[in-house]
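Okay, so here's the structure we're looking at.
When the chains are written out, they are named A, B, C and D in that same order, and each has its own residue count from 1.
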Amino acid sequence: MIIRPIAAADRAAWQRLWDAYCDFYQETVPPAVSDGTFARILDPAQPIGGMLAVEPGGQPVGLMHYVLHPNTWSLQTLAYLEDLYVQADQRGKGTGRALIEALVAEARRAGWFRVYWHTHAHNHDARLLYDKVAGPSDMVKYTIPIGYA
Amino acid sequence: MIIRPIAAADRAAWQRLWDAYCDFYQETVPPAVSDGTFARILDPAQPIGGMLAVEPGGQPVGLMHYVLHPNTWSLQTLAYLEDLYVQADQRGKGTGRALIEALVAEARRAGWFRVYWHTHAHNHDARLLYDKVAGPSDMVKYTIPIGYA
Amino acid sequence: MIIRPIAAADRAAWQRLWDAYCDFYQETVPPAVSDGTFARILDPAQPIGGMLAVEPGGQPVGLMHYVLHPNTWSLQTLAYLEDLYVQADQRGKGTGRALIEALVAEARRAGWFRVYWHTHAHNHDARLLYDKVAGPSDMVKYTIPIGYA
Amino acid sequence: MIIRPIAAADRAAWQRLWDAYCDFYQETVPPAVSDGTFARILDPAQPIGGMLAVEPGGQPVGLMHYVLHPNTWSLQTLAYLEDLYVQADQRGKGTGRALIEALVAEARRAGWFRVYWHTHAHNHDARLLYDKVAGPSDMVKYTIPIGYA
């Protein structure tokens, strides 16, 4: 399994994985948002990055997106791992873990301060992995939705 | 209680509240980081903002910092409410709620997508308020610390 | 003449000045770009700001937009004064100068490194003012247009 | 001649070229600024990038830095080519042009709106090249220095 940055030529494979990921969360993302998100991932002027996990045959089977932003507890950057998805028939092979580890390696290289993410309390499969790579979590997240402008 | 943006003249009052807040979390923030954070809060070129709650006599008694960043589920901005603190002898008067509501009002005005924050699962006093303003939370947060560069 | 930040309620007055300014440069800016630019000016998450010059009767008669960005010669921010316009029948009263001076005052307050802008070599009226506020210029600008995506 | 992004392992070679470039402009950049600028060039969270021109033996002989920022005339990004330098004994081989063309290629790929830069009016050697790649310039630049904070 190779982990590498998302490139312009990945548009169709990315859309397939992104749609499956949004389906998993029963969310509908407007096409203009998907177009804009893909463009931002590719644009070095935007603090959004993404990687794909590609199986030996060359087929992308997992994706990971992250957003970089400053914080108040250090002068360094935080990496918010916003999306992580591995195709259903490819799970249990360490692909999710490899995607997280690729981001952590990038964080060490670039001098970022923390890598963080969120998950549903009842998402047991995911938390089994997250408890291993990040230790058990004592933090909860609160959200006030404002909505599409 | 007035809620207003942090200004250059608030340096000493801000430091007092910030130190008390860091003490509450038993964290030591290096002075260079506090200086840099205060400068970033004032600088419109940085996506970090902050507000103070000021009691009728003109004394700041609460602070709130937020960080703005893009996300992958919309083309709009997210507001990460990173720090919220009300002086111990001023609690129970709605100051924390007023600080959150000021950020939500700013989010509606500016067209941001969501306001979110984190807290410790066992911080019952805070969660009593957060469950009211944001509904109960089903999300947990995971973190991999990288550390000061 | 009062100089103040552009606010949501200024949409119609801003459009009138912006259209006149674009006409002066014989440029047509697509409506979606004008909408997006106005939204970015209002959004504190974006490094674009703007001010209006308002005459005593409350009518905006001049606009100024600036873009903030980092640079390689310092760790501080640069302010690029991108647009400056004063209504034709209001010129010669110091309004352009007051708009530039308001940005310089903001730069001193926020600790930015430089304020800079461009103009056509043959724009004599503008250069009469610019030579006074910034000294004569020895720098020329080169541009390679890429175009609307 | 190969053009490629600056990497962490280039620190010493970069410093040598950067110092020679600053000498050319008779500018002294504080070491903390050089450290910070190099770190920002490497950090994908910062809108600053850089490339090196490397001769066949593997030695870097030219550098180029650019800063990305939004603008008011489009919703796309501008690329400000801030620094361009080719070692004195390597000039006349098309290296400067290759560095500019690498940035223009990146701009086309990423969907940026314009690439721009500045030079001294009397820098004839540079302008000979710039007039070829960008056409003759009719724009002058004005600057109000604010200074190190």
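The working rule: a residue touches a chain if its C-beta (ideal position, glycine included) is under 8 Å from a C-beta of that chain, and two chains touch if they have at least 3 such contacts.
Owing to the predicted nature of the structure, the values given are computational and were not obtained by experimental measurement.
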Interchain contact steps from subunit B to subunit D (minimum; 1 if touching): 2
Same-residue or different-residue interface between subunit A and subunit D, half as cut-off: same
A-B compared against B-C, more contacting pairs: A-B
Whole-Å gap separating subunit A and subunit C, where each centre is the average of the chain's CA atoms: 38
Inter-centroid spacing, subunit C versus subunit B (mean Cα positions, whole Å): 32
Centre distance in Å when subunit A and subunit B are each reduced to the mean of their C-alpha atoms: 25
In subunit C, residues with contacts to at least two other chains: 47, 68-69, 111-112
Contact graph of the chains (line, ring, star, complete, other): ring
Listing of all chain pairs that touch each other, if any do: A-B, A-D, B-C, C-D
Touching residues (chain side subunit D, partner subunit C) in the complex: 27, 29, 32-33, 36-37, 40-41, 46-48, 65, 67-76, 80, 82-83, 100, 104, 107-108, 111-122, 127, 130, 133-134, 137-149
Subunit D contact footprint on subunit A (complex, rising order): 8, 39, 42-45, 47, 49, 68-69, 77, 106, 109-112
